[in-house]
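Here's the structure, in structure tokens; my notes come after.
Letters A, B, C, D, E and F mark the chains in the order given here, with residues in each chain numbered from 1 onward.
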Amino acid sequence: MTPLKTLHILNKPPDHSRYRLCLCAIGPEDGLLLTENGVLAVTWLADINSERCFALAPDLEARGLSPQISSEQIVSFEDMVDMAATAEHVISW
Amino acid sequence: MSSSLPEQTQTPAPAGVFTLVITGAPYSSQAPQTALGFARAALAANKRIDRIFLYGDGVHLASALSVPPSDELNLSEAWAAFLAENSIAGVACIASALRRGLVNDSEMQRYGLPGSNLRAPFEIAGLGEWVDSAASGSRVIYFHKGG
Amino acid sequence: MRALIIIDQPPYGSWEGREALDMALSLAAFDQPVALLFCGAGVNWLRKGQDAGKVQQKSIERNLAAAPIFGVEALLADAGACDQYGLAEADLLDDVCITDFGTELTGGFDHVAFAG
Amino acid sequence: MSSSLPEQTQTPAPAGVFTLVITGAPYSSQAPQTALGFARAALAANKRIDRIFLYGDGVHLASALSVPPSDELNLSEAWAAFLAENSIAGVACIASALRRGLVNDSEMQRYGLPGSNLRAPFEIAGLGEWVDSAASGSRVIYFHKGG
Amino acid sequence: MTPLKTLHILNKPPDHSRYRLCLCAIGPEDGLLLTENGVLAVTWLADINSERCFALAPDLEARGLSPQISSEQIVSFEDMVDMAATAEHVISW
Amino acid sequence: MRALIIIDQPPYGSWEGREALDMALSLAAFDQPVALLFCGAGVNWLRKGQDAGKVQQKSIERNLAAAPIFGVEALLADAGACDQYGLAEADLLDDVCITDFGTELTGGFDHVAFAG
């Protein structure tokens, strides 16, 4: 994967005001990583049609949501570290 | 504020150094848990973590007095052990900590308090420690409360 | 007194859901009529196939299954919220009744409380 | 759980009795501040308050160690003074309190902790105290974190 | 004022999920009391057209919002106590 | 390094806004370039005529007014949020620049952070 310009780490559910704020700030070269209750976005399908959208495996599994996202989009903490290290910038929402 | 700042800005941290800032408290957020998963994976990938900085409600992670039920993970204990094993500094912001009742022995004496509750190896210091990390080129990752 | 305890926070991100469940179980333990309502993102507590151990937490599935035995009158889930989070009836834990959140529902209880 | 429950349910509280439940912590919420305004107005209107119950993050209000800057209101201190002056019970839920590092001397001894930090006259007890209020006909008003 | 069936105490700003939940649960004989950042609803005018909607004075004044609501809707802590004591039920959102 | 500190929480309901301001002032004190952005319900910190004493809190109006003097490069407010909360330019504290929150804005900073 080409390095991301900005990695957006989103841990808020879709009904949270900062979730909506985050979606406004994602540029075409950016990546979105869903963590904690951010992974609930996978049930709001319209929001996750991007190839640069990922979700943290333990949070998906805890919530029973792994079947609802393609396996290429599921990442580990090791992947998260790699993304956070290689992206030009990181924003935690 | 940290007096080491000028020196640090002259010697930027090497690439691959992380600073983790935790602003969410255990029990009211998953932030300390997620941050610990990230920290372990970072060390496993041979990255360095220069410090953990606790800010806002995140300072509660440094409490020595939390006693969750025995079948629940004690996050304060787990974080303290991780920091000690890996010789990583864990710093709670002094302004956040004093407001929220998290104090070490010297603050206890200074303010005439009936006790102290900071868990070793956590320390208390100013925002300068955070500025130091940010300005020295460390990659700062924030772990906020979720929702 | 009939009490309704409401959980609108999603699972694992905070302890509010667990602490709401404790409130309901305490009322039931003292023979006070109580129902639990999941609405908003709180309905995600009810999804089958959760594995709380993956985030080093305890499952509350067993506690929810035992709630009726301990005297909690009903586990209710808001229909609109279930829709929003892609939860069909078959996806929910057993013994959950789908209902509609609103005036009519809350008006049937004397004591309505969130845990936080 | 409170052993006083059966007795209390046989003697319902008179009309005009309030129980205040505070679930929001100072500094991360305005809940303790709003609850104090309400409590003062209730007494001024000759209402009775049978107890204050701290639940969830609200237990942090009972900390003896909080030291906000001298030009900020110390809400723990203000609440403790209000309770003492008016002989109102202030109870922190034991399960919420132990998780969040808020303990009295007996919990300190039971769990071998290095200190205690409960501010008098707050006490630690179980959810039965809250059930007691609710079941006895007291009007229970909740003060949650806002946003 | 006739006693309220349910007094709804709302301390969340309009962009909070529980704010929207609360608005779904207000019946015709109910009252709404805005407190803390709930008073920000007075700037979202469509939400406060009711005669049974009130806002707590100190919270309005702290936020500079008193001019944006009619004075009959502004209540004190004493009024809040009275409303909370006389309503059939009270729900804090 | 250029830093952007964002405040999206409304005033007085929590300490996050104050703690974000402290972060910005600390960066400025160490000569690090920093701007403050108010968006979402956070724009309500900028309304003229606040009286924080009414909720027994300290005003941050004076601190915000002094921020440029201490080296904070800009106080920014999101235009859409100002509209939503009925804030015209004349209603805002002095020295606030109205801007548009989005990719273009955040992309101009190396370090973007919320206080909580």
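Going forward, a residue touches a chain if its C-beta (ideal position, glycine included) is under 8 Å from a C-beta of that chain, and two chains touch if they have at least 3 such contacts.
Molecules present, by chain and UniProt name: A, E = Sulfurtransferase complex subunit TusB; B, D = Sulfurtransferase complex subunit TusD; C, F = Sulfur reduction protein DsrE.
This one's a predicted model, so the numbers in the text were calculated from it and none came from an experiment.
Visitor: How many steps does it take, at the fewest, to get from chain C to chain D if each step moves to a chain that touches the one before?
Guide: The fewest steps needed to get from chain C to chain D is 1.
Visitor: With over half of the numbers shared counting as same, classify the chain B/chain D interface as same or different.
Guide: same
Visitor: Considering only mean CA positions as chain centres, point out the chain farthest from chain C.
Guide: F
Visitor: State, to the nearest whole Å, the distance from the C-alpha centre of chain E to the C-alpha centre of chain F.
Guide: Whole-Å distance between the two chain centres: 27.
Visitor: How many Å are there between the centre of chain B and the centre of chain E, using C-alpha atoms for each centre?
Guide: Computed value for the inter-centroid distance: 39 Å.
Visitor: By residue number and range, which residues of chain B touch two or more other chains?
Guide: Only 27-28, 30, 56-57, 72, 95, 99, 140, 142, 144-147 qualify.
Visitor: Where does chain F touch two or more other chains at once, residue-wise?
Guide: 10, 12-13, 15-16, 40-41, 55, 57, 111, 113-114
Visitor: Please output the residue numbers of chain E that touch at least 2 other chains, ranges allowed.
Guide: Chain E, residues with two or more chain partners: 11, 13, 15-18, 36-37, 58-59, 92-93.
Visitor: Any two chains that touch count here, so list every such pair.
Guide: A-B, A-C, A-E, A-F, B-C, B-D, B-F, C-D, C-E, D-E, D-F, E-F
Visitor: Taking the touch rule as given, give the residues of chain D at its contact with chain C in the complex, in rising order.
Guide: Going through chain D, the ones touching chain C are 1, 5, 21, 23-24, 55-58, 95-96, 99, 126-128, 130-131, 134-135, 137, 140, 142, 144-145.
Visitor: Can you check the complex and tell me which residues of chain A touch chain F?
Guide: Chain A residues touching chain F: 5-6, 17-18, 21, 24-27, 30, 89, 91-93.
Visitor: Which residues of chain F touch chain D once you look at their complex with the stated criterion?
Guide: Within the complex, chain F touches chain D at residues 9-10, 12-16, 55-58.
Visitor: Looking at the complex, which residues from chain F come into contact with chain B?
Guide: Within the complex, chain F touches chain B at residues 1, 3, 15-16, 19, 22-23, 26-27, 29-30, 32, 111, 113-116.
Visitor: Note which residues of chain B are touching chain C in the complex, please.
Guide: 27-30, 33, 71-73, 145-147
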